[in-house]
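The structure's right below; bear with me while I get my questions together.
Chain IDs A, B and C follow the sequence of writing; residue 1 opens each chain.
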Amino acid sequence: MPSDEDVAIRVRDLYYTYPGGVEALKGVNLEVYHGEVLAIMGENGAGKTTLVKHFNGILKPSRGQVLVKGIDTRHASVAELSRIVGFVFQNPDHQLFADTVYEEVAFALRNFGYPEHVVENRVRWALNLMDLWKYRSKSPFSLSVGERKRLTIASVLAYDPEIIVLDEPTAGQDYHQKEKISEIVRLLRLMNKTVVMVTHDVEFVTEHVDRVAIMAKGRIIATGPPQKELCDMQLLREARLVAPQLVKLSLILRKHGLLNELEYERRADKLALKLTEVLKGGADGGSPGL
Amino acid sequence: MMVRVSGLSYRYPGSESWVLRDMHFEADAGEFILLVGPSGCGKSTFARVLNGLIPHFYGGELLGEVEVCGMDPREHPTYEFAECVGFVFQNPENQLFFTSVERELAFGLENLGLPREEISRRVEQALREYQLAELRDRSPYELSGGQQQRLAIASVMVMQPRVLVLDEPTANLDPFTAARILALVRRKTIEEGVAAIVIEHRLEVALPFATRMVVMVDGQVVDDGHPVEVIARQKHIVGKPRALELVEHLAREGIYLEVEKPSPEHVALSIVRAYRVRKLAERRRRRDSS
Amino acid sequence: MEALQAFRFKRENTVIDRADPRARVLLSLSLAALSLYAQSVEKQLLIISTVLVVAAVARRLRKLAGVMKAALPLSAIIFILNWLFGPQADPVQPLVLALRFLALSTSLSLFFMTTSPDELSLLLESMRLPREYSMLVTMSFRFVPTLALDVEAVMHALQSRGLELERGGFTKRAKNYLYLMVPLIVYEVRRSLMAAEALEARGFGSPRRPTRYQELHAKASDYFFIILLALYIVLFLVL
């Protein structure tokens, strides 16, 4: 049983009903551990974003409890919780308002009461990290879509929250932008941050994530390492998720006897080596599969 | 040829730089053309030339030869293109204007001045075909994202365009729903010979439906051809789905696969075929030697 | 926020909903006109009760009560100010004015509660208003819930960066709310540009006269309503 120190966010029997009457969360239990990278997956409407909006108090439970580092979210304001939980929204355009990129990043730091010389240091650090320092005097609205996304990430990283929530970080991003987001997630891991990401991108998940929590119809139906959960075709069907490409491929190969067990190989080069042995081994009259 | 573009260059009003540069492009009936490229390469700008939004809505300077449905956008206003070119935008919210599905479907036809009986006939047919019949009185905000996008496509298809342009139509949808929407578009290209030009970033989702792939970088067309071949050449720009990465790694090990369609299922089956061919060859070799 | 609910249309299936929107608008406008004309407290109360009865028939009594609740403070202010600064220390006139305010707001919101934005635009078009203008009205209504969601999204985004909107004194919080303005305005301007593009892409703006797919057709029951209404007006004026 993981001790309380290991648990960054504890969700206990969480129910949430929207003001319009829709019950979006039906008894969710979850523990987010320090330093892990957790992905919350499921189809649109399963409750993923509703769930993570409880982590910084944007939504308060209708029933049940959410504890962030021991603090009950019902007793804290969003601004207070945001010091611990940095939320990067899917759409950067909902929050850009400052005259310059610099001011945009400084905003959160000033709200949290940091002295100006600290603000300056942190803004410079965050903007450099996201390769945006050269735009510091430009208007945020003049940046491209990908740059605006990096700007929102910089704004959150600047005040160094312990937990970072990413809402669909790869949605609408082109190949290069996705690579950049990959780098950022790797960096966050190095910085020992706890990262929770809401995403559909199974390929991204297989690359970066320690654990997945799969949601369907307001409940978490499975948690576990991606190697295990993303191979469970019945689970994926129930959650209306698309399996990673190599998993789909491996399943067909298993059906035709080329692979023995469902080896979830997430790297194409490693899988290629295995298959080469099978194909060349088969040609030597050896037994099929491994 | 539904679309014929040659030497196309364009710059926005007041801008020094050319967003589109000397583009050559053609599209014929029945094609499903996947248009890709890094953010800012001019894909969305090019899409808007095809229905006259450029130059009429945006102004600016348009050079070169452009012919869509036999019309040059410089000589015909946007509303004349509406009969022949259907445009589906990324965000369904901003292209649904009414509070009932039925009215939304009728809108474009009202603008075309068709007689009421014809409008009624087409609306009823669309309600059936796009599975919107039970939703006919609903308002767009009562619909899910997938339903909204289906409605957006239906509202455009009901005008019976010859060319369909979709600008990141699945950006806000989960992969499962995205695949269904694109399958719908592919059906239209097959059944009605519509020429579809689809801008998408998520290759894994869109590739299975594409008959052709065009890559743009910095306002120019840098590649145009069979999807699998184009990806092999441009993977550093557009990324490469895992299944095709696997094909590449296998090739390095000396195993060459013939893949006509870039989906994991097809790659898996071609691996199975290769395996069977080798087993057969081996059996023959053993028989001959004994 | 509840006051806004009054302008949110929700579909029901009552006699009032099935009536032609022209009959409904005549009802609301007549009641409003009578309220402006009447000078006695009793007549204002009569109008308000009529509105309540119609709302009950339309199964929207609770919603209408919400509107009245929201209008009560302003109504009270009208009463107090007119009483204090009126020519005589006579409470009757101020009471009439206060009740008139309630009568006007409830009778008009009754119309909007029972009329969908599409019906409203059909109504305007039947009065020969050009399509561009009737669509302005329809689209404004259609986007109100969307805008409400946008306000919420901007609020959450800024709160998540430490903007305190839940604690603290009134002035500080009010000042903080000002930060929402810029992102909201930029976002909505962008949205309206995208909607304009989409409208053009669907053939809007052609000089050709668009077909009117749906039209209003008055039924026998609508004429019956109008006759009832006329009777009511006559009795009201005479008694």
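General remarks:
The rule is short, and it goes like this: contacts are C-beta pairs under 8 Å (C-beta built on N, C-alpha and C of every residue); 3 or more make two chains touch, one makes a residue touch a chain.
Worth saying up front: this structure is predicted, and the values here are computed from it rather than measured.
Summarising the inter-chain layout, the chain whose CA centre lies farthest from the centre of chain B is C. Interface comparison, A-B versus A-C: the pair with the greater number of contacting C-beta pairs is A-B. For the pair chain A and chain C, the distance between mean C-alpha positions equals 43 Å. Chain centres here are Cα averages; for chain A and chain B they lie 29 Å apart.
If you check the complex, the residues on chain A that touch chain C are 53, 56, 58, 77-80, 82-83, 86-87, 89, 91, 93-97, 107-108, 111-112, 141, 155-156, 159. Interface residues of chain C, counted against chain A in their complex, comprise 150, 153-154, 156-167, 179, 181-183, 186-187, 190. Looking at the complex, you find that chain A touches chain B at residues 43-45, 144-146, 171-178, 200, 202-203, 240-242, 244-246, 248-253, 256, 258, 268-269, 271-273, 275-276, 278-280, 282-285, 288. Chain B meets chain C in the complex at residues 48, 51, 53, 56-57, 77-80, 82-83, 85-87, 89, 91, 93-100, 103, 106-116, 119-120, 123, 137, 139-141, 155-156, 159. Interface of chain C with chain B (complex): residues 9, 11, 116-118, 135, 138-139, 141-142, 145-146, 191, 194-206, 208-214.
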